[in-house]
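Same chain, two partners: chain A is paired with chain B first, then with chain C.
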Partner chain A sequence: MGKMKFDASNLLDVACIFICLFLLIPIIVIFISSFDPAKYIHFPPSGFSIIWYQYFFSNANWQKAFMNSFYIATLTTLISSPCGVLAALAYRKYNFKLKSLFNSIVVFPYVTPSLLMGITILMAFSRTFLRGTYYIVAAAHSLWSTSFIYLLMQAALSNYDLTFEEAAVDLGASPWKTFIEVTLPLLKSAIISSVIFGFITSFGEVTMAIFLTTDETVTLPALLWVSLKYELHPVALVASVICIIFATGTMAIIANFVGIETLSKIGAKTEASK
Partner chain B sequence: MSVSVETRNIVKTFDKGRVIAVDNVSICVEKNEIFTVLGPSGSGKTTLLRIIDGLERPDSGDVFIEGERVTDVPAHKRNVCMVFQRLALFPHKNVFENVAFGLKMRKIDKNEIKKRVEVTLAKVELDPKIYAARYPRQLSGGEMQRVALARAMVLRPAVILFDEPLASLDKRLRDKMRVELKQLLKKFNITAVYVTHDQEEAFTLSDRIAIMDKGKVVQVGRPIEVYERPRSAFVANFLGDTNMLKGTVEKVGTNSISIKLKDGISILAAKEEIFSSSKDVTVCLRAEKIVLSNEPLYENHFKALIKEVLFSGENIEYLAELQEGLILKVKEKNRGQTLNKGDKVFVNWRLQDNILISE
Partner chain C sequence: MGRKRDMKSNVLYKYAYLFLYLPCLMLFIFFFLIPFFSMFRISFFIGKPLSCYIEGFTIENYLRFFMDPYAHRLLMFTLELSVPVVLITVPIAYVMAYKISRSFGIKRFMLMIVTIFPMWINLVVMAFGWSMIFAKYGFMNFWLMKLGLISEPQPLGYNFIAVVVGLVYVCLPYVILTLVSVLDNIDPALEDAAKDLGAGKFRCFLEVTLPLSMPGIITGATFSFIWAMSSFVVPSILGSPLQKTFSIEISNQVLTVLNWPYGSVLSLILLSIVNIALIISNKVRGRFTIWVR
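Right, the complex of A and B next:
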């Protein structure tokens, strides 16, 4: 073997390793630190213990925050999935007046900074009974999540052949039967993955949640933020790890459903439309 | 014969009236007839088909199916079926479920559905035992074709509409399927409206052909009629390989008329009353009607030089340049003897080979 030659592909490998490290280091650091028994957050850890995990799972506030997040994300998914999916189908299937305005309106919440969304919604509803309830957080998240699901579905619908629906109609299927027999089964995986994405967006959302929740309805990310900002309490690391596991677990489920290629394609499309 | 499908003065525009897709089209398809709509892409033939099916609404005009006005009847309630260009077999349903779909929508009894699907699959020569459980992705192009036909046939519609269903197949399979399709349609007395841009397909399949250009039906007739007696320069030029020669009627004789072409030569054509002296005409001369020889043969004969030889297997095409500069396209069957570039020959054609179209 001779001297190793300078090779562009080697350089690419090195770059890839660095990028992966860059992406993974924060997660690795959090994961390791979460097992540190110290009473304040620091790195490297001074020992190994699971006391903060025990603390997390026995502390009522964190428990409640996790469940709050779960309720709100579920409610958000129930509201935004039909809205986002049907809006995308309408956009793909029909030509109507002000179609581009329709598109802009549906995408608007997604491109609006969530800080602004949080403040305006808080102002608009601060004097109503909705203030501080699950519903107002879920409504705010639904605005965002509808846009998001809409964009994901649009990506999936771009190579959806409408002839299948026409064939169903031609063979005597009513519009409703066509939807049930043809549209839904053909778009099943796209819908499932969009909906799960919508769930994750709500589950991880922090900005609007900070504005719109109270001590009673505070979500996991919101509590995490407060805990980091005012206490720097090590249990925040455990909460982070829980969030990460939750998100990656869900991703794994989707990838299993629709294949990782579709997932990255959808991701690319959303990035482009931002 | 009774009428199966009729369209009356159908007009359809797109893009707020800026694009006229179908322009005042009235056709009449008889029962058990294979009626082809032939035209270049963008001529409006598919739109016409979709209007008959109910997938598009005409701006004005009416559609009648077996004498009943269906213009306002939605597609899923019309007694017509379409075989789509890309067939549109439902990928998530197997062959049985695909064929059974229309019957299921009509809420027909399960046992009856099973019986009818199996009979229909057998009709299109697909063994139900082998194919019923297969999915479209497991079928060959020809098999998919047959499933698509079975899916329409099983409903016994008044008419089956075909939107270039063979276009996606390779040539060999397309030729085979064309023959099969014709035999099936004739065997089971199916009325068909068939849309294509392929004239060979149209000629071999159809009882009658309607030729469409820019949204209008320009001629309707049996294949041989539209080929031998085109009524417009468009039809003459669209069908076959045609030399289009412009000229003026010079002299009207007892049996023939003489026409002076733009290039200076005079040719003789069979007499037709409508062409009087000094009238401008277009002479359409099919490339395969011209005969090349060493000696003059027919009424029209001119010395020419072979400019180009195009060998295509069964045919050989020549470009022959007359002394006066006119270049004629000539098509001959390949009989093993080929002329070469630069050969001097006579081009010959008979009086009746000239198709005259008034300007």
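Right, the complex of A and C next:
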């Protein structure tokens, strides 16, 4: 009996090791292959070189795509962080009739296929001046990242004790002063995380970008998509590595600020989608 | 004066939530609700390939969908693709989630990192990674040959299995995290009680833990179903033209054929399937939650 129990938990461990490998393998393979000097992608790599990295940083198209991604992600952050943070504060602090409706509206883009959001925005703004500009891509990304920021803030706020605010008000501070001097410092790490989070969700978003970008405003993931679809070139691996590095870096920063447990709640927060 | 200010701040306080929600709501009205309404309107316009749309009113596009065997076949294929994705994702995710929720300290942290990491990588990179693994001179063939299982590189990629693997990979982290949050909330005392009453480890899992985690399983299954149904990037990179999903056809109508009214009809069909799945899952989950209590 004791031996069987031992076997069962061992089996679970082995299964988990395989699942972890499954989750990490594509990333590792891309990372290794990006240093392969060969023109045709194959495994194992034939050598070690950084020529494709040099190629990436000297190629105007990829550079432009990188900068576009950067602009759009910045714009998205500027739009979505105030939206998401304020809405999450309101959700935490106030009780009102339409609360559950408002909540589901904000979370709705999270459960709507981004393909559909991209297509609807493309169609709705196709005959306006916004078509193909940075602004429309940023607006589309903002929908998505606002949802994420909102969920992150909600998860982070559940750890904070907001009775400090009440104390400040009791001691005679005006609501505005309370917000600036009590709420903001308390929530500093959560807000910084939200800002970074908004940036990275936009930086990595691809489905909407495929529909909304033109040759001029193409983002890094969208250009990567084009290059995978039409002409496979090793520089695509470098672009992927850049995306991975950005994702890893931001994840590390946020995990440091709000903790991995809070971060895990965003992925799990699917029950809000009624 | 003071009284006036009090009243003002009272009103401000009373509707403060509205002001706080306002930026968010504006964004959603302009870029979410209005676009969806305009898509609904476009679905009644006259569709002509290569012309986007011609204003007018017709229900021809809807009739075309209901008459078109090609669209039905694509829809059926997408369903056939989603079912194995759900059936594979949920058990794998359960194993991992169970392990995470039963681990502590650094072990839990490491497992959590590994789970969350792929969520941050964008879809194209994930799909690219898998296409490298399945490539003719790729990772998989290399190891299969090294282990002596095959003598020549086999065509592994660009088929149904590759697409399923890619989609499982995409859904897995989200489903794991959903299950972890449910499993973490199960009171360990319940399992201890079952064991005290003489249930074996396996029976305790089957009759206590599993039923209690049913809401998480249903949520996870629903979301992997929705993602598989609306998947577009992964099947177009990992699949061949034979693995054409409904979403690929939508993007085709919108970007290549330029028949937007028909594309809108297909999009609305997909949207309603997604919403029906969500509603059913909420109903079923509600039932389980009551039953659990």
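Everything below uses one rule, namely that the second predicted complex is superposed on the first by the 237 of 274 C-alpha atoms of A that agree within 3 Å, B and C clash if a C-alpha of one lies under 4 Å from a C-alpha of the other, contacts with A are read in each partner's own complex, and residues count from 1 in each chain.
In this text, contacts are C-beta pairs under 8 Å (C-beta built on N, C-alpha and C of every residue); 3 or more make two chains touch, one makes a residue touch a chain.
Since the model is a prediction, treat every value here as computed from it, not as a measurement.
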Which term applies to chain B and chain C once both are placed on chain A by superposition, clash or fit?
-> fit
Return first, second, both or neither, reflecting whether A:Ala139 touches chain B, chain C, both chains, or no partner chain.
-> second
Determine, under the contact definition given at the top, whether A:Cys16 touches first (chain B), second (chain C), both, or neither.
-> second
After the superposition on chain A, what angle is formed at the C-alpha centre of chain A by the C-alpha centres of chain B and chain C, rounded to the nearest 10 degrees?
-> 90
Looking at the overlay, what does A:Leu122 touch: chain B (first), chain C (second), both, or neither?
-> second
State whether A:Ile41 touches chain B only (first), chain C only (second), both chains, or neither.
-> second
So, A:Ala168: does it touch chain B (first), chain C (second), both, or neither?
-> first
What's your read, chain B or chain C touching more residues of chain A?
-> C
In the superposition described above, what is the shortest C-alpha distance between chain B and chain C in Å? Please give a whole number.
-> 5
Interface residues of chain A shared between complexes with chain B and chain C = 175
Using the touch definition up top, name the residues of chain A that touch chain B in the complex.
-> 161, 163-164, 166-175, 177-178, 181-182, 185-186
Flag every residue of chain A that touches chain C in the complex, lowest number first.
-> 5, 8, 12-13, 15-16, 19-20, 22-27, 29-30, 33, 40-44, 79-80, 82-84, 86-87, 89-90, 93-94, 96, 99, 102, 105-106, 108-109, 111-113, 115-117, 119-126, 139-140, 142-143, 146, 150, 175, 200, 204-207, 210-211, 221, 224-225, 228-229, 236-237, 240, 243-244, 247-248, 250-251, 255, 260-261, 263-265, 267-268, 270-271, 273-274
Which of the residues in chain C come into contact with chain A in the complex?
-> 9, 12-13, 16-17, 20-21, 23-25, 27-28, 30-32, 34-36, 38-39, 42, 52, 92, 95-96, 98-99, 109, 111-133, 135, 137-139, 141-142, 169, 172-174, 176-178, 180-181, 201-202, 215, 219-220, 223, 226-227, 229-230, 232-233, 236-237, 247, 250-251, 254-255, 260, 263-264, 267, 270-271, 274, 278, 282
Residues of chain B touching chain A in the complex | 53-55, 74-77, 80-82, 84-86, 88-92, 101-102, 105-106, 151-152, 155
